[in-house]
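Read from first to last, the chains carry the letters A, B, C and D; within each, the first residue is number 1.
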Amino acid sequence: MCGIVGMVGVSAVNQRIYDALTVLQHRGQDAAGIMTSQAGELFMRKDSGLVRDVFQQKHMLKLLGNVGIGHVRYPTAGADSANDAQPFYVNSPYGICLGHNGNLTNARELTEVLVREDRRHLNTRSDSEVLLNVLASELQRVGTPRVTAADIFAAANAVYRRCRGGYAVVAMVIGHGILGFRDPNGIRPLVVGRLDDAWVLASETCAFDLIGARVERELEPGEMVVIDERGARFSRTDVRSGSLCVFEYIYFARPDSVMRGRGLHEVRRNLGKQLALEAPVAADVVIGVPDSGTPAAVGYAEGSGIPFGEGLVKNRYVGRTFIQPDQALRERGVKLKFNALRSVLEGRRVVVVDDSIVRGSTTRKLVQMLFEVGAREVHLRVSSPPIVSPCFYGIDMADQDELIAAGRTVDEVRRRLGATSLAYLSLEGLETATGPADGFCRACLTGDYPTEIPVDMRLAKLRFEGPPVPVEIR
Amino acid sequence: MCGIVGMVGVSAVNQRIYDALTVLQHRGQDAAGIMTSQAGELFMRKDSGLVRDVFQQKHMLKLLGNVGIGHVRYPTAGADSANDAQPFYVNSPYGICLGHNGNLTNARELTEVLVREDRRHLNTRSDSEVLLNVLASELQRVGTPRVTAADIFAAANAVYRRCRGGYAVVAMVIGHGILGFRDPNGIRPLVVGRLDDAWVLASETCAFDLIGARVERELEPGEMVVIDERGARFSRTDVRSGSLCVFEYIYFARPDSVMRGRGLHEVRRNLGKQLALEAPVAADVVIGVPDSGTPAAVGYAEGSGIPFGEGLVKNRYVGRTFIQPDQALRERGVKLKFNALRSVLEGRRVVVVDDSIVRGSTTRKLVQMLFEVGAREVHLRVSSPPIVSPCFYGIDMADQDELIAAGRTVDEVRRRLGATSLAYLSLEGLETATGPADGFCRACLTGDYPTEIPVDMRLAKLRFEGPPVPVEIR
Amino acid sequence: MCGIVGMVGVSAVNQRIYDALTVLQHRGQDAAGIMTSQAGELFMRKDSGLVRDVFQQKHMLKLLGNVGIGHVRYPTAGADSANDAQPFYVNSPYGICLGHNGNLTNARELTEVLVREDRRHLNTRSDSEVLLNVLASELQRVGTPRVTAADIFAAANAVYRRCRGGYAVVAMVIGHGILGFRDPNGIRPLVVGRLDDAWVLASETCAFDLIGARVERELEPGEMVVIDERGARFSRTDVRSGSLCVFEYIYFARPDSVMRGRGLHEVRRNLGKQLALEAPVAADVVIGVPDSGTPAAVGYAEGSGIPFGEGLVKNRYVGRTFIQPDQALRERGVKLKFNALRSVLEGRRVVVVDDSIVRGSTTRKLVQMLFEVGAREVHLRVSSPPIVSPCFYGIDMADQDELIAAGRTVDEVRRRLGATSLAYLSLEGLETATGPADGFCRACLTGDYPTEIPVDMRLAKLRFEGPPVPVEIR
Amino acid sequence: MCGIVGMVGVSAVNQRIYDALTVLQHRGQDAAGIMTSQAGELFMRKDSGLVRDVFQQKHMLKLLGNVGIGHVRYPTAGADSANDAQPFYVNSPYGICLGHNGNLTNARELTEVLVREDRRHLNTRSDSEVLLNVLASELQRVGTPRVTAADIFAAANAVYRRCRGGYAVVAMVIGHGILGFRDPNGIRPLVVGRLDDAWVLASETCAFDLIGARVERELEPGEMVVIDERGARFSRTDVRSGSLCVFEYIYFARPDSVMRGRGLHEVRRNLGKQLALEAPVAADVVIGVPDSGTPAAVGYAEGSGIPFGEGLVKNRYVGRTFIQPDQALRERGVKLKFNALRSVLEGRRVVVVDDSIVRGSTTRKLVQMLFEVGAREVHLRVSSPPIVSPCFYGIDMADQDELIAAGRTVDEVRRRLGATSLAYLSLEGLETATGPADGFCRACLTGDYPTEIPVDMRLAKLRFEGPPVPVEIR
């Protein structure tokens, strides 16, 4: 997961791109970057850290120009925060910068071709740098001395041919404008917005609300847009049916964003209502796991008639563990994230609603914490179906053998978590709340991937210590 | 507002003081500091910024010892974040460090005496440094070559005689142990806790939950405690009736803290319930202003039977405004903090519950934002009575002429805010939820201050441009 | 002026490149950088500041590999120290880094072609980035999938065809090795050295002494060398007669370097001896302007029989002027750099030897300082002829109208400087000490430039407020 | 060794103290600090590093006031550069800052008394902090509410009674002015200077030259001066005969400083002349070990009639060794500091003059380097007698068993160093050049200490592995 922004206006874009990145910060807190361009000059600032820490007054004063792109990065295993901060940049041809949300599944073989045939050097192990260099190579091939929108569309079409996986991209071609595109399956989101005097691209619509833009429309799967000072032009590749990551609906995107015309807070409340229908239970209070579980909890409360309460306080200023922890320090575990409210929970039968369970280790400690402050029963309700397969499209959740639901029955999971009862939303229930299943990538719930996954990647993430289970076969 | 921590244990205290400060971070995000002591050596780290930014691995490794104190600082006008970071330190007598939550009302005259008679130099304009030097002067006077708990109590009693205002204090006397005390009115809170092998002091009990301590008891108004390796000894001055700041109940303290035996989340939900009784209204949904308004909103929903909903999303990663804002940037105003959920609010009659209104400028924009996404009616409900007088005890909320409720009727305020209706909780309703009024400082609601306020301070904050109103006279 | 280093070895090169840069630091104190390569990966560290400040332990540990290049940068007007730090890098083709000593006279027109025809983006106003992109474009054109030494020589030959001015260059082609070359006039120096297991390139031989290398030979004007793990191959373009910058002999290079087989300390002592023959004077003591004037002063003392003395102490730790200086601060002027020794100078007739006079402002204050401590006579002797024309090849000394000797007689200069007498070395005397004039660029002394200078550059530097003087016409 | 400055003027002192510290930087490159005072407020900046790195524009702008002190620190074993940076500060009584050059021999017992009786906490292991607290304790005892010069003199007299060793001190008493004093033996220097509108104190007169001050006079051993806005008052304790450290003459102080009316460059040249008389040799060239050996080499050349030459180039930009050095890196040894000039030395009989030899390890490599570039003979001449005893007064040169001359004959030393011949200046010859021996501390040359040395200190530094030698007995 990452967040991307692009903007072309008639006045300085630095503050607005910065504002948009703060709103998209939930998509990545690892690193941030902005590149802008003016009169053929390029200005860049990127580093590891939050948006508010990376950009200081002295940096903003230098980010000149009325065109630019921005990126917030999600930490992934093995990445070097500072060096892998995006956007990336190459100076040939034309000067191109790029920010990327998603994951390429054929990055390894693309790298080989880039080095061997396109004679390009890659500085990092980031697949985003691979994507940039594929785009650059193609633009080198098709580009005319003064690059045109047609050249850029041609190069982006070649990217579609070469790059597999999930990717939403903003790129800036210096001296021309910006390019945005979504992969042919549309796994990662990208929206086009307008201000009176400017065009803007962003991962989510909530970024538009702050900067005062209105939604023009979502890019379709396989759709490209080139924006320069004369406006926006759109083009589209032959596309498969769209496969938007269903977890954008369930968890990733902000509740105040709108995707495919649906407000996500509403979607999540409906997931909770549906869950109340499918898995009712006699209880005294419904609580959510803050912040992401709250909308579904409110929905569950509505659907069940059981009153909603706040039973967990989230620690907003989590620190680090510096020293070799002794037993007492280790035990504080989940307490670093939450504190339970005895007055709400003591002696009560409690329904706890969360949006999903991945490994289950935090959930187990959370259940224990609720019992410790006196909850009489703890009924766990999950507003998504069990996660049984890993993601290859940019969500570094876990390998398959780490997923608590992979290869286990619901009751086996319940016992591991120590809950009084456990219920997941059904795949059908999910469809009721989100709309038709064939518009979504639900691979992590079904093992059914919308693109081919190379053998090396499958082996890396689909490993089990025990005998293989059915989900592996897909 | 600030947060303070002190700890004496049989093992290293650095990580636990750090943990406690992260939990108390809501009491001050401006600066943070820890001092520890071992074998007569003192170790210090303090700087402006959040706890997680101020302390790095290299600092923690040097904060040696099984005794220490910590502080998080609330920004106050005119303060120099880095230089005014606490704890403060003097090397004579003995070496004393001190962290302070509150405000002295006679700091100016104390300073004169310290310089003239006690021949001490003050480096900052912080009243906390004044307090430390009063304590040091008194300990110089009464202290024996090897300082004892009796010496320390004698010095702290002298502090009570000299210092006016509200103050909760932790101090470390190097080579001896730590001292905690609350002012005779008990305006600011301080709690004593225990682990198996350690004693701990903190502003709020929520700090104990994370580090695994249990509440021993709250310090009484005018009570002192000296903790060294042999344990804790308590002593008490002649005290006035306690006057705990009522806003600790209404807003400041974390909802998962317990004060005077009451869970604050419960208190706030009851404030909301009481408000529903006092000021009912026909509406479709009750929303809170996150995060602090949510418990009262849940209570209002319970009390009124109107469903609770999430209508506002809080921006967790607020950035800065770097450039001279144009009109469009200025207008985003409250959007930097919140975004409104159209799907929850459109076409609805909305009850918005907030814990308090100070100047009203944010609230006015918030009301406007709700109407903009389609709310049909906006009924503002405030879970505290109107704030009509400034605070002289450490809450730098505003001068009197900035308080929207000072000198105005409720309907005048409503019109300024643009709400469909407005109701505050009554002083009697407040008492119902908090317990007897005479245990609290409610000066900001009544103008009735528990201590004398020097004329110069009154003039500074109690100024009006128009003709004087009654509250000024007190 | 700048200093460059390149190295290919069988073990890590980071410490040795670092060592060599410290020895070449006199060629540039503005910024420093090292790039190394290992297994196709590139490592870089560069920043403004001295070598000892730019490189810390954490940087050195990451500069892996047995091939690398380094650079120290001389400050030039309008440059951004940090951004313009070298080496520069492009990722296409192959990945190329480059460090450059000198100046291109046709950088402006090269830039236009690079942007328009080669479709490359330039990030800085540095002519070194221009040079790198010319090399990259040519290598793009001629390079084979697996780049060979022949490809690199072909590209460097194209650089000779396109680039005008003075340039000594080290470049690293990632995955292959390093390239060194000097411009066809050989204006800037570059030497090839060997260790048992490594090849090394450096601006001066003094860098070899520290790292234990022996001189293999100087690169000839227009000569290129490609060094990879199999050794060094040389190639040469059609060249004009060599024109080594004569100021490398007089002032720039370290006295312990050897150029064209001559030790520069010896050369400078001979300049002083020759000056004693040409311009004798009756005096009591000969002093040099430290550090660079000392060898010539020792030579003058030898040649004249007047004893050598130390009359000036150089301040090794010069600071900055922070505040708006009042009269007293302004007057300290030259005292920031030197202090005069009364005991050596009082009542004496003093010969002061300096290597050159550019603007003359420091010299004037120096003469005044000598009189102030009691010198009876101050005889100024300059071990080079008058500087009358600006340099276009990388020595940013001054525009023509700032040169004190341009358009003035020696006696006019003497009066401005306030000296008892003044004599410069003659052009013939210079030749006696350096060897034949036609092997040198002496344009700043004669106005006779070895390459064509574009009109725009001439206009920029050859401006006069008064009527034009002959040197302008060339 | 350290450098100290104090200044009282009618205008801002920050730039001038800064300038003076840059000139005194040769006395300590480890850390630097300035404290100034204005209207009872104190301003401080100190850190590890050179003066030019420690003070930036933002710091200087805050160092307000027309009174202040400064310090440059010499690195000593076990010190923490940043924490031990001076000046030190205590806030009681009055607020006092202090900078110190020298060493207390009874710091350990003073510390015990300070903690036990004066009830003061010491934060560092620096004896300068001890000295400050002794001064503060005494001023606490004798000081009146408004401190007077008489109070300060009384306290400083008490310091004389309590503190043993060598110390030159500047202190600032906030709200009053500055105090300077030298220990009763006058081991460390301190000079009083004047500008038209200001008084200044500094370790050496060279600091006055830059800031335009004239020497008023040196403080006598045991003399104190208090300077405030009304001028300077002097006072003197009963003193022993003066014992200025003779190495201030031989090596430490800058050659352009004047001590006891003698210019030190002149003194050192005379040491060289005297050495030429005592230890003549047939040779072709005389070279000095730069920079400190050069004046004596010039004197030796004068005295012997053998021409002076520059045979060694000093590396001005020495770097660090980062990695585990292999054999080749280890061997570069002395080359990091110097490079030898083959053209001056090859085939010659060389006299090398240095000011002193401590451990001899650098000298041995230097001799070897001279032979390597072809010197035929290397005659080592040292312009001071053999160093045979350690220093307890602030020069952390070496323990006794590390001194190459301790317990060895001159010929044994010569063989260890590999020189053709070796001669030291005689004690009598030293006296000829410096003036009467009884005005100097020459303990490192004779083992005869001007103050009593506590047993624990003697044991720490006077240890031998072999049987004791005569010098130990003193």
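Going forward, contacts are C-beta pairs under 8 Å (C-beta built on N, C-alpha and C of every residue); 3 or more make two chains touch, one makes a residue touch a chain.
Note that the structure is a prediction, hence the values are computed from the model and not measured.
Colleague: Select, from A-C and C-D, the pair of chains that is joined by more C-beta pairs in contact.
Modeller: Looking at A-C and C-D side by side, C-D shows more C-beta contacts.
Colleague: If you average the CA atoms of chain C and of chain D, how far apart do the two points sit, in angstrom?
Modeller: One centre to the other, that is 37 Å.
Colleague: When the centre of a chain is set as the mean of its C-alpha atoms, what distance in Å lies between chain A and chain C?
Modeller: So the centre of chain A lies 53 Å away from the centre of chain C.
Colleague: Give the residues of chain D that touch two or more other chains, as numbers and ranges in rising order.
Modeller: Not one residue of chain D touches more than one other chain, so the list is empty.
Colleague: Edges wherever two chains touch, nodes for the chains themselves; is that graph a line, a ring, a star, complete, or other here?
Modeller: If you draw each chain as a dot and join those that touch, you get a single closed ring.
Colleague: What are the touching chain pairs in this one?
Modeller: Listed in label order, the chain pairs in contact are A-B, A-C, B-D, C-D.
Colleague: Going by the contact rule at the top, pick out the chain D residues touching chain B in the complex.
Modeller: 40-42, 90-95, 115-123, 133, 136, 140, 143, 145, 147, 174-175
Colleague: Contact residues on chain B for chain A in the complex?
Modeller: Residues of chain B touching chain A: 11-12, 14-16, 18-19, 21-23, 25-26, 29, 50-53, 55, 57, 60-61, 195, 206, 209-212, 254-256, 263, 265-266, 294-295, 298, 301-302, 307-310, 313, 315-323, 325-326, 328-329, 331-332, 335-336, 339-344.
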